[in-house]
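In what comes next, subunit A is part of two complexes: it sits with subunit B in the first one and with subunit C in the second one.
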Partner chain A sequence: MFANFRLSLTWLHTWFGLTLGFVLMVAFFFGSLSVFDREIDRWSLPDTRIEPQPMPSFDSILASRFAMITEPDTDQRDEAAKRVTAPLPGKLTARSWNAYTTHRDPVLLMYVGFEVPNSPLPEDTVYGDITIDPRDGRVLPEDRLALGSGFFYPMHYSLHITWHDLGYWIVGFAAMMMLVALVSGVVMHRKFFREFFTFRPGKRLLRSTLDLHNLTGVVALPFHFLWALSGLIIFAAIYFPVFETSLQPLVDQHEHEEAMHTGLDAKPSGVPGRLASVDAMMKVAKDHWASRGVPGEVGFLSVTHVGNSNAYVSIYRDSTDRVATAEGLHFEGSTGRVIFEDPPAGPIETVNAFLTGMHLQQFKHWTLRWLIFAGGLLSCACIATGFIFFVEKRKHVHAKQGRVGATCVDALAVTTVTGIVVATMFMLVMNRVLPEELARRGVWEKGAFWVAWLATLLHAAWRAPAVLQGRLSKAWAEQCRVIVLLGVAAVALNALTTGDHLGRTLGAGYWPVAGVDLLLLAAAGTAAIAARRLRQRAGDPRTELASIEEAERA
Partner chain B sequence: MPDSALLAAALVCAVIGMSWLALAMDVHWDQVCDAPGSRRSIVVLRMLGASSLLGSLVLCLVADTATMAVLVWMMLLALAAVSVAFVLSTRPRILALLVGVSWRSCEPSSP
Partner chain C sequence: MAATRSRWQVFSRICASTLGSYAFCWGFVALGGASLIAAGLEFHEASSLVSMLAFLLYLTTFCWAFIASSLALVWGVLAWGGALMALAAWWIARLMA
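After this line comes the complex of A and B, so read on.
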């Protein structure tokens, strides 16, 4: 089929990179934003602009709030109703109570797992959740959307396509092909290693774009590889659900033996029981961590078999000082006695916990957090320059032949590179413009994002005929100008509607909001420079001629 | 020494190390200096570059736990490599300082 192995890899890299690059762009762009999801939450929910809080008292606050969560989210219940073999009862039984916080959370997420009876899936569970102010237990309004953790983060791994987990599968397939694209890219551009640090911005667009594509791809190669791989590992159970299918008997046996070993019953006893003081258990856990000389705040608290005599409480140390997650103490619910402490992880578990923790980034290390954010932007730059190179290499040939391939790719590239930033910033602007008392405010904000993104696609398609004539689409520069306007507008609107202008937030050292404002201004500044360069390039008559010659050589 | 100072020093070591490794490549050496580099200078530059990157890793390990330090170092290397590439594309003669060559005696060629 191909003359040699390298040409086969070139085909693979080009076409899989192109088709899945659009998905990868979304995954990496929103993944980068998710590095600061809690900070974006604070920006979008001004009522929660308070300092991070430790896990509050279970006995006086959390227990009563858990009791308020009496049913799962409607969406989850409706989905469960479709997969059960008999109608769901009106009231589902709570299986677990869970509360989760990090060193960056001023609010506390609480969720209850409910048993799904008559389900073909083992341990089928649906969830209901609330978010509270941990200082006084006040339940926060449900219809307010936390843009960072509630929209950008799920977009990163699921594209918000929930039907049969299709979004997870699309992103997973794209991540797997990214691993292939990285290997094939290294083979294709192997000569690059002899001129590793080459970037020639003064050269023509085709050459400088390829330089930047190679540079951003290679210098951050370990980052690209590890993050794509760890993303796949996190959702491995979805992609390979063997534990629920062919290995189910083995899982049941292991669960039984583990329960015998740890004393943590796998099934509820069915006999009513009461909980001892969980606050006392938290104190025991903290004292235990203090005796080991490690930071000791509670990050995750879980009560399993709620209301049963064999209920147990699991308390996990937060992950401020390490990459790996999960390190728990388990208590007998009725007495508060320590039943079991998680033993040191084995080699496979350690690697898994490291890769998972690296991807989820619950550690307290702001330098590393910023470096990972920069790594995500390098990935975006690598993908974007791949699109531009594809178009620049083909547009003149396609123009001569009257083919629309390069034109379509250019329109989609504009939509996924500048369009995605426009839609994100428009969502932030709408977050500050929509009335606070507006019912289902979050739905309006989500709608604003999708409408803005669709508008950028239509705009790119409208400007695309220029590519058909072998010229640069004006959509790139125009959307860059929109980014400038939206970025400045978002910062100004935040100052006007909340009073938290940069002078105040920087003065007070309140970095969650100041950081988002500064990033918005940095994005606006970068877009302004890009718009200016694009205008200069479009106005230079030598550019097109040289571009044609270079494309023909390529 | 505070962790932030250690990490700043690690970044400096990474940038210097990447610069030395860049200068050990003919194409980048030519960007910085007209005079051809000798075989010996290439070996020395490679050794200096590798040592500096190793020094960067040691500083990261002093500042953080091993698992955290490895990640910080990996990302610092990427940042350093990009920085060196941009320096070479805009002000390549700056790197001449790292080989002890005076600016006048090492006229840069165009990037």
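After this line comes the complex of A and C, so read on.
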């Protein structure tokens, strides 16, 4: 199709990078925020600004709270109702109880898995969850949205498009195209190592943009590649559901053998049974870890085949001290006897668990956490400079020919680069402004996000005709100024509505809230500098003239 | 270069690289998984290995579909290769069950 190998890859890089780049911006921006999801949760739920807590007592707190979760989330139930072959019964049967916590969680997420009868999918399960204060078991209000783990985190891998997992597929394809863009980007540029050290900010926009695109791409190349790849691997079962669909006999056989080997039944017995003290099992597990020289807290606890005589309890150590997630201890529910201990993972599973654990980073290592955050921002910078280069290279030619390509791309770039920050900050501001008692408060917050993002798109489209004339769209600078206002407003509103101003949080060393405030201010400061630079550029007629000449040479 | 590149050809390339590669990788996961399990590798080890490699394979075939000179060859290898591998995997799974 093309004259040579490099031209083919250049075409791939340009067009797939551009079209999926908008999705990648969302994935990497909200992925970066997800590095601090628990901290953003604390900022957005002032009631939960307490120190992280260990897994509470099962017998006195968790058991009764699990029993309160009697049905799955309405959304999940409605989705399941569409895929079953016979109408869903009014009350679904609970199959598993699960509780998960990490060294950064002051609140505990508890969720119950319900069996979906008459489903074409094997092991089809829907979930209902609550969040409790582990100190006293108080159930937190359901309509309060944890902005970090409840909104930004799922946004980065699903775009909140739940219909047939479409969001996962879009993000997955975008991640694949990230890998393609990295490979083609490296092949396109023959001076790979020189680009490590090349940034000429004083040069004209087109040249500096390309320098920065290459620099951010090359410097963080392993990060870009491994995070896109590990993100895909985490959802491999969604992207390649090969075994469950076309190799079912092998799966059945494996399940059967595994149940024989481990003593953990794959199916519920159907005979009612009672649970022995799970607190005693947790004690056994902790003593066991301590005797192995790896003392720790319970990170994940799950009861399978709830209410059946063959129920079993699985207890996992938290992941504070390592990358890969842990092996579990499994207890017979009725007696508390240890049935099985997961053996150390095989070499391939170890690699898989490492890649997954690296992406999900539940370990306790703040330097690494910040480096991963920086890696995510470098990915964003690399993608954003790609957009700008695309527009700058073409806008004068397109302007002469009256083509709208560069104009549309510029408007979408504004929406996904500055617009995404505006919408995020607006959501934080609304989180502090909406009345505390407001019913379905979380829905209003989500609405605020989407409306603000749509507004940035409309604003960018309204300002875009400037690009059609070969000029710079004013939307960039204007949205930067909105970021300055919103960032400062969010910090001020947090101080006003909760009393946790920076003086207090920094003084007390309460980093979850202080950190979010400082990042908001840093973003506002960066946006202020960007807005000033953009205004200087727009006011200097020579830059436009020179960039026309340069674009003609390029 | 531009003269030899019709809209249809570009469209066909894109379909081959996205969907053809997917079919090929599906076949690879199925056949690779089934054969490794048949050869005695533990189930999770086998399924992890092939699904991790599947993404790298997709990356390779996706790029190859654009680089290769013959579009017919691309479609032949990806679609037929994928189908044959899936069929072979189904046959192995049946033999083992």
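By definition in this document, the second predicted complex is superposed on the first by the 551 of 554 C-alpha atoms of A that agree within 3 Å, B and C clash if a C-alpha of one lies under 4 Å from a C-alpha of the other, contacts with A are read in each partner's own complex, and residues count from 1 in each chain.
Everything that follows uses one rule, which is that contacts are C-beta pairs under 8 Å (C-beta built on N, C-alpha and C of every residue); 3 or more make two chains touch, one makes a residue touch a chain.
As the structure is a prediction and not an experimental result, all values here were calculated from the model.
When the two complexes are overlaid, the chain among subunit B and subunit C that reaches more residues of subunit A is C. Once the two complexes are overlaid on the shared chain, A:246 sits against subunit C while remaining clear of subunit B.
By the touch criterion defined above, A:183 lies against subunit C but remains apart from subunit B after alignment on the C-alpha atoms of chain A.
When the two structures are aligned on the shared chain, A:201 is found in touch with subunit B, with no touch to subunit C. In the superposition on chain A, A:7 makes contact with subunit C only, while subunit B stays out of contact range.
In the superposition on chain A, contact of A:219 is made with subunit B only, not with subunit C. By the touch criterion defined above, A:358 lies against subunit B but remains apart from subunit C after alignment on the C-alpha atoms of chain A. Common to the subunit B-facing and subunit C-facing surfaces of subunit A is no residue whatsoever. Put simply, subunit A touches subunit C in their complex at residues 1-3, 5, 7-9, 11-12, 173, 176, 179-180, 183-184, 229, 232-233, 236-237, 239-240, 242-243, 246-250, 252-254, 258, 346-349, 351-352, 355.
Listing the residues of subunit A that touch subunit B in their complex gives 194-202, 215-216, 219-220, 222-223, 321-324, 354, 358, 363, 365, 367-368, 371-372, 374-375, 378. Note for the complex: subunit B touches subunit A at residues 4, 7, 18, 21-22, 25-28, 64-65, 67-68, 71-72, 74-79, 81-82, 84-86, 88-90, 111.
Residues of subunit C touching subunit A in their complex: 1, 4-5, 9-10, 13, 18, 25-26, 29-30, 33-34, 37, 42-45, 47-49, 51-52, 54-56, 58-59, 62-63, 66-67, 71, 86, 89-90, 93-94, 96-97.
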